[in-house]
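Shared between the two complexes below is chain A, which has chain B as its partner in the first and chain C in the second.
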Partner chain A sequence: MQTLRMNAGLLSSFLEALKAFGTLVAPVERSPGVFALEAIDDVSQARPEALRTILPFKKLLLKPRFVMLERRQGQYGADGADNDLGPVVYFGAHSCDIHALRILDLLYLSDYVDPYYKRNRDRLTVVGYGCMPDGKCFCQSMDTSTIDKDFDMFLTPLDGRYLVTVNSARGDDIVRANQHLFQPATRRDVQEYLERLKEREKAFTLSLDVTDLPYVLELKKDDPVWEELGKKCLCCGSCSMVCPTCACFNVRDECPEEDSAQRVRTWDACLYREYALVAGGHNFRASRADRVKNRYYHKQEAFVREFGMPSCVGCGRCIENCPTGINVVEVFQYVRGEA
Partner chain B sequence: MPNGNDKPKVGIFGLTGCAGDQLQILNCEDELVRLAGRMDIVDWVMARSGNDHTCRLDVAFVEGVVATERDLETLKEIRARAKTLVALGTCAVWGGLPAMHNEMSREVLQREVYNTHVQFLDTVEALPPTHFVPFELSLPGCPIERHEFLRVVNSVLSGTEPDLPRVPVCWECKVKENTCRVIHAQEVCCGAMTRGGCGARCPSHGVACSGCRGPVEEPNYDANITMFAGRGISWLEIARRMSNFSAPVWMTQGLEQEVRRESKR
Partner chain C sequence: MSVSLPEQLPARSAPRKLATGVNPYAPAQARIMRVQDLTSEIRLFDLRFTDAALAESFNFRPGQFVELSVLGVGEGPFSLPSSPTRRGMFQLGIRRAGTLTNYLFDHVIEGDFVGIRGPLGNGFPVELFEGQDVLLVAGGLGMVPLRGLLHYLIDQRDRFGRVMLLYGTRTPDQVLFREELESLARRGDAEILLSVDNAQGKPWGGRVGVVTELLDQVSFDVTNTYAIACGPPVFYKFMLEKLVARGFGRHRIFLSLERRMECGIGKCGHCAVGYTFTCLHGPVFSYWDAINLPELIYT
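On to the complex of A and B.
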């Protein structure tokens, strides 16, 4: 780990320099207050301070829909590289995003390595950016509000400059190739960084009580709250689509043309009716209530049992994108009988 | 499915409707030429002459609603001839636009549109063909999506069952990262109730989904309606926005009563 400083005025030169390491992807403002991660050429479009993009970085690793295998007449199915996104530099990752990236790595790279994920993951450069929370962020409660690993570089904005943390060999390469942009960090930089941390700690307004949450959920398995939520939820799947750690997918075979077949992989969500539908027509979660419940139980109970931590990083995307206002924090308050 | 010289026989039929789905098939120009080499379209009044109206069909596509006695006869004949029957378009699957005003009696409609002297109409309440006979496959859309039609045809010709996505429009809308019409514009967007496949065409152009593709399996109408009302939209506006393509299906779900209640106030 290396700590440097960079003048704020050099940000665009830095972003230009990042292009040498892959397609530069950063949050851009789609419409007022609505952001999306996009490949950018004009670096002035980058809005790294934006708290959340509609879809998280997971789309840079697995496209929402891609062809896994393609078979043309007389051939065997082959990987058409549809999901091969080439080297990508992801600029503007916040602490919660990087924690979510680690969760995806756990899911896709531990027992069985997903080759489609791995190919993009190996070539992903992560350049983080320090944020200030809004009323929908609760990463502090999820213990994901700070990060000290799993990124290549991290920029924390200070007055007129950035504190730059370098945390990987690739990060070192970027610095080495652009020595003129950086200087060693001073004690004042570090001091201001620490002050900013404190200020940020105080800026959180939303919190989720996670004390014994898996056990509380175990006790509340048959609580009427799930029926009520099932009545309210549209099962539109938006919360899952936008969640940086929701990782389920569906695989289907298609015949788009004569003598061609494609095995297609798409993002899926347990909120959808056909998700738990199996051969013979049985549906393990036929009721809406069971499906909504599953989303919360998977994140806060099943995942904890399996990996020792929840799979929610408190980014607030599901809160922001639920059309009917279902709010994960309120749901758990309700489950505890506090609201 | 037989191949070689024994090409599958296909028929394409329109009952009462705008023929938009058949037009979509014609629009598949290049693909259609290729498909013609693999199947024999033997009965398609809209596109060819010299049709065989009686032979057995391996696959038959039916567009439009049953709105006359004659339609019902035709439908039953097609069913009897076809091994695989495919409902084409929202009309055929759900009733669509022609079924929008089924609450008005045929007599009133006939009088208002044609006056009372007209003799030739054998009009009945407009209902989807799927209401009368069993279908093997259905392909909603107003009109159908060409890529979905081609996938269905190619799957059937390859002897497999087409597996089209059944997720709501919101899935595609999120993939496109559109600004949500409900959240950011307080509009009545039917995306969460409507079956995807259109690529969220309307929300991608800044227009709320009007539900032209018909419902997903088990849509949560009540929650949607409550959500719109909770955002300050009047019941009348909700009803107006929802009384288009899929009105026949979701108007049965209680919204109708709410509207009546409001207009009495």
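On to the complex of A and C.
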């Protein structure tokens, strides 16, 4: 790890330079206060301070829909070129996003390596950006409010400059190709960083007590709260689609034209009714209450037992996007008997 | 004879690779060599990989499964009713139930090609069974994976103690592999008891009643016996606790579970129960592990 500084006025030169390392993708403001993660050519569009894009970066690794295998005019192909996004530089990743990336890596790069994910992952450059939380952020409670690995570079905004963390050989390549943009960090930069860190830790207003939460959930597995939640949840799947760690997918075959066939992979959500439906008609999670409960248990109980951490990074996207106003933090506070 | 089997692997351990290819989503081509109707709704397919080396080396653990697909129609998980002690060919016992299986019944004939990925999942811990008595209890289509295990046991008969099979179906014409089972019983390789819910006025030498009642008809030494159960949710609901009531420790009972599976390799999420992927950690679980996963057995 190496720590540098960059003057704030050089940001657009830096972003131009990043284009040499792949398609530059950054949050852009689509309408007031609404941000989307998009490939940009005009670097002035980048809004890295935006707290959450509608869809998280997972779409840069696995498209919402792509062809895995196909047969066309008798030719069989399994190269999944449809999901090949080429080298991508993701600018504006926050600490929670990078933690989510680590969770996706755990899933897709362990046991059987997912070749479609891996191809994009290997060529993804992550340039993080220090954020300041709003009322929907609870990464502090999830222990994901800071990050010390799995990114290439990280920019933390200070007064008129950035503290630049270089954390990979690829990050080092970027610095070496653009040495005129960077200077060694000074003691004053470091001091200001530490002050900002303190200020940021104090800025969180939403918190979730995760003490012994897996066992608390085990104890509460038959609680009426899940039935109540099932009445409120529409099972629309919005929370899963916008969740940076939700990565379930569905596979189905299609025949787009005569003598051609495709095996298509699409994002899926455990909240959908067909999710646990098997041949013969048996549905292992037929009620909305079963499905919404499953999602909460998966994130905060089962994943913790398996990997020692929740599969929630506290980004607040599900809170922002739930059409019926379900707030994950309030649900767990209620389960704990605190609300 | 000693058969070496693929290792049992805990999930989230070493990177691994499917026998059918480096890309775990891409199937290897296999040819349908023979088709037999077991009942009007269940058909037995004999398959052989087109690649001769793969056909000969394809090895699996009883209880593992494969994904069969026809590109353009769909893909689905199927358990293997054949044993790794008999190489070169493998079998799938398939019930007509949906788009893919309807296609297999209506359009696929001997000589056709399909795609196969596998072997998938963790199978039965057969090493534990050596020198022990083995009690298989099957309900309905649960006989399909247990038939693979049964072949494995009787093909190495001297390595195991008593082999018992209790098998229940709804009606006599739904008994799978009936002649074969009767032959195994006749030659003394296995003790086999059959039951049907309803004999429907047909000749029937077995018991009429639910399969759990067969348990009362056999005696066994629970300290020296493993029980392996496979059947539909309602079968597990009654059978597993009955085995416990008969004295089996929950770690001496193994079961194989069904879930919706798409990828078979622990990625797509459909078969997840908690964070246990039925396809990757299972489909075989000990009863102790299973009851500690809410929803795993029935919902």
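Here are some notes:
Convention: the second predicted complex is superposed on the first by the 337 of 339 C-alpha atoms of A that agree within 3 Å, B and C clash if a C-alpha of one lies under 4 Å from a C-alpha of the other, contacts with A are read in each partner's own complex, and residues count from 1 in each chain.
Convention: contacts are C-beta pairs under 8 Å (C-beta built on N, C-alpha and C of every residue); 3 or more make two chains touch, one makes a residue touch a chain.
Quantities reported herein were computed from a predicted structural model and do not represent experimental measurements.
In the superposition on chain A, contact of A:Y296 is made with neither chain B nor chain C.
Of the two partner chains, chain C is the only one touched by A:G280; chain B is not. In the superposition on chain A, A:V113 makes contact with chain C only, while chain B stays out of contact range.
Residue contacts after overlaying the shared chain place A:Y272 against chain B, while chain C stays out of touching range.
Contact with chain B, but none with chain C, is seen for A:P64 once the two complexes are overlaid on the shared chain. In the superposed model, A:R288 lies in contact with chain B only, and not with chain C. Of the two partners chain B and chain C, more residues of chain A are touched by C. After overlaying the two complexes on the shared chain, residue contacts for A:A78 are found with chain C alone; chain B is out of touch. Contact with both chain B and chain C is seen for A:D253 once the two complexes are overlaid on the shared chain. Residue overlap on chain A between its contacts with chain B in one complex and with chain C in the other: 252-255, 261, 268.
Put simply, chain A touches chain B in their complex at residues 30-31, 34, 36, 53-55, 64-65, 231-238, 241-242, 252-258, 261, 266-268, 272-274, 288, 320-321, 323-325.
Taken in their complex, chain B has these residues touching chain A: 31, 34-35, 38, 147, 150-151, 154-155, 157-158, 160, 162-163, 165-168, 170-171, 174-175, 177, 179-180, 182-184, 189, 191-193, 216-218, 220, 222-224, 226-227, 230. Residue ranges of chain A in contact with chain C, taken from their complex: 68-71, 76, 78, 106-108, 110-116, 221, 247-255, 261-263, 268, 270, 275-280, 282, 284-286, 290, 294, 297-298, 301-303, 305-307.
Those residues of chain C that touch chain A in the shared complex are 11-13, 15-18, 22-26, 69-76, 95, 97-98, 101, 233, 258-260, 262-263, 265-270, 272, 274-276, 280, 294-295, 299.
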